[in-house]
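Which chain is which? They are A, B and C, in the order written, and residues in each are numbered from 1.
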């Protein structure tokens, strides 16, 4: 009983950590530019796939990961340069542009890599660790550990560094930020780059467990969007809590109720939350000013 | 011709009728008919969706779910229960209408990205149910639809018959939609987009307007789902997939938000383009994505409204042709 | 019979009282002004009366019937209409269509009748178009009847809102800073429009900063400060009220 519970808990936390990273990526870009980036999941795919192919080309794993992050960040910066200057574009138009980007990234991966499933070796062996009767993969601990480190690093960046504070200021009021001398273009590039890097890292972390191919970004992107919305758009804490919740709902739903309906349960609960809290768990409660 | 298409009522409907009547002259084989019929199906759904997204400003990323429910209702009721196709289609539409009515109220209280998430989730849940309840739906493998569509002894079997059926339905629906947006209800629809609170304080029940247009667009999708199930003779849960929902929204946005004729252009381009792009083989999807981005970046309002503005600007400029 | 009665009304936003225990009545056929320093709660009060916000406590009565918690569209159908301080114009529509939106509830705006373009719809729409063009003329927008709303300057949009509110044929018209951002010539025109509206028998409540305008046309003035009633009475009494003078001292709004 307990072993089962712990097993589901770790499965949920692992998936949840990945969703949280994708959700944080959504939030970073949304805060800086008010664009919802439906290509966010493709960053995860690009991170995983590029690492696989760079490693296959003979690079050591660490170097392959570095190349993958660079490639993905370049993809993120390219998106910023293309999408953000589209002024006067409605929310829906921006959504379509990022969906176009996600189709392009997917198409590029399909054309330049391939359509097969690939995996990476775990960072530190495949032997499960016994914990309260549950078998925990070492890679799980890597996923959780690195996610925690990233969250701490982001926290420090936003609250202890001048550049991080500049990003926050821009997200609150772009015009005011520009007036006090913040380079808004730099902040935008930084947010897109950082967001892409988070996605790439998530892709590298999860590939040894779930494997990857050119299409994995779709579902991961949607789950990350769920995490960001469930937590409340633009809230960092919200994205992490939202991501973990989505992961846990899936894992426990699949384990105790029905594995076919695990995704449906996640979406169902998000709908319920939105019905009662229309701006998510940690979203700003705004009263319409008229 | 573009100017007529860009003007709201104009002679657009006449142009559409002539176009539908003359197109078959250029068709060389059944494949051409097939593409045209698919354009027609998509156009009907997208006109409905544009009332919701373009005119009322309420995004939905889940309408493929309604379309698929209509398709499955027809497949199951005509296949396993021997219902007449029209009755099955209408039953499906009523069911979908009720479902849309029930979810509309809580869903449409949400705004912007939260509304996008809720409709996306709703569509995903429908897709998952269709995938999972394999005893009823055949699961991921889908199911065949053997019964031909027909009313009172008249059956649509050949591509030619389907072409005229879909063409006629499209013309009627476009006419109705043009009427609607030019009526007080249509003004209320646009006002919901422009300023909900302004509409409310002059007596518009904005909730009821939003719910109505949501239900109507869902019912239209369901009807087309039923028809296309009979036409293609096969359905699968892919009909309800997130990508299908997105495809419908892209058609509406690419062609032009708040433009009925834009919906037709968007549906035509997005149905034909993938056929053309197969020439790029491995790079098909990459090129498709890039084309989509380019259109939206250079024409953020969509093709038909942007061309309309461009033509109007040219007409006003000295030296350009005078506006009529 | 009083037209509007506000009884012990309160509204809190996260512990801050925007309106606190406010009571007053508005008699039909008068011009009422609500004044007060910035942040006194004037716009919040309008939002509470017209159903845009729900009060934390208290009641609003229209024709002696409680209407607290009713939706704005229900109150509009009961005879209330308003304009907004922060413009709420549908920029995706033409100027004339914005005014015609104001006729909405008088046009039997059914879905099916619109879909089929029944003769009655066409006829009522044509009549409404004429009437609304007349209203645009009335508020001084005769030159802009065929313009797109997003091509109009600020001052014109303020008047467009008044025309839209009038198209609804309200018995009670609430104007939120109709003269804000207008130059003195435009303010005089608005002044004249408001008086003409009142002469037609419409009860007008206006929130306004322009003291000259307020003192010139109001029958009754209510002064708010920090969400509470500071004073109430005829313009000449308000002008002499020491509390009011104290509240306004040090602000930019001098009495003319």
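Here, contacts are C-beta pairs under 8 Å (C-beta built on N, C-alpha and C of every residue); 3 or more make two chains touch, one makes a residue touch a chain.
Here the structure is a predicted model, which is why all the values come from computation and not from measurement.
Comparing the centres of all chains, each the average of its CA atoms, the largest separation from chain B belongs to C. Each chain gets a centre from its C-alpha atoms; the one nearest the centre of all protein C-alpha atoms is B. As a whole-number value, the distance joining the C-alpha centres of chain A and chain B reads 32 Å.
Chain C has its Cα centroid 47 Å from the Cα centroid of chain A.
Rounded to whole angstrom, the centroid-to-centroid distance between chain B and chain C, based on C-alpha atoms, equals 40 Å. Residue numbers of chain A whose C-beta contacts span two or more other chains: 288, 290. Residues of chain C in contact with at least two other chains: 52, 84, 88. Taken residue by residue, chain B touches two or more other chains at 197, whereas all remaining positions touch fewer. Residue ranges on chain B touching chain A, taken from their complex, read 53, 59, 106-107, 109-114, 116-118, 120-122, 124-125, 128-129, 131-132, 197, 242-243, 246, 249-250, 253-254, 257, 282-293, 296-297, 300-301.
Within the complex formed with chain B, the chain C residues making contact are 50-52, 71-73, 75-77, 80-82, 84, 88-93, 97, 100-105, 107-111, 113-117, 121, 124-125, 161, 164-165, 167-168. Within the complex, the chain B residues that touch chain C are 176, 179-180, 182-188, 190-191, 193-195, 197-206, 212, 216, 258. Residue ranges on chain A touching chain B, taken from their complex, read 30, 36, 82-83, 86, 88-93, 95-97, 99-108, 110-111, 218, 222, 225-226, 229, 233, 260-261, 263-264, 267-268, 270-271, 274-275, 278-280, 288, 290.
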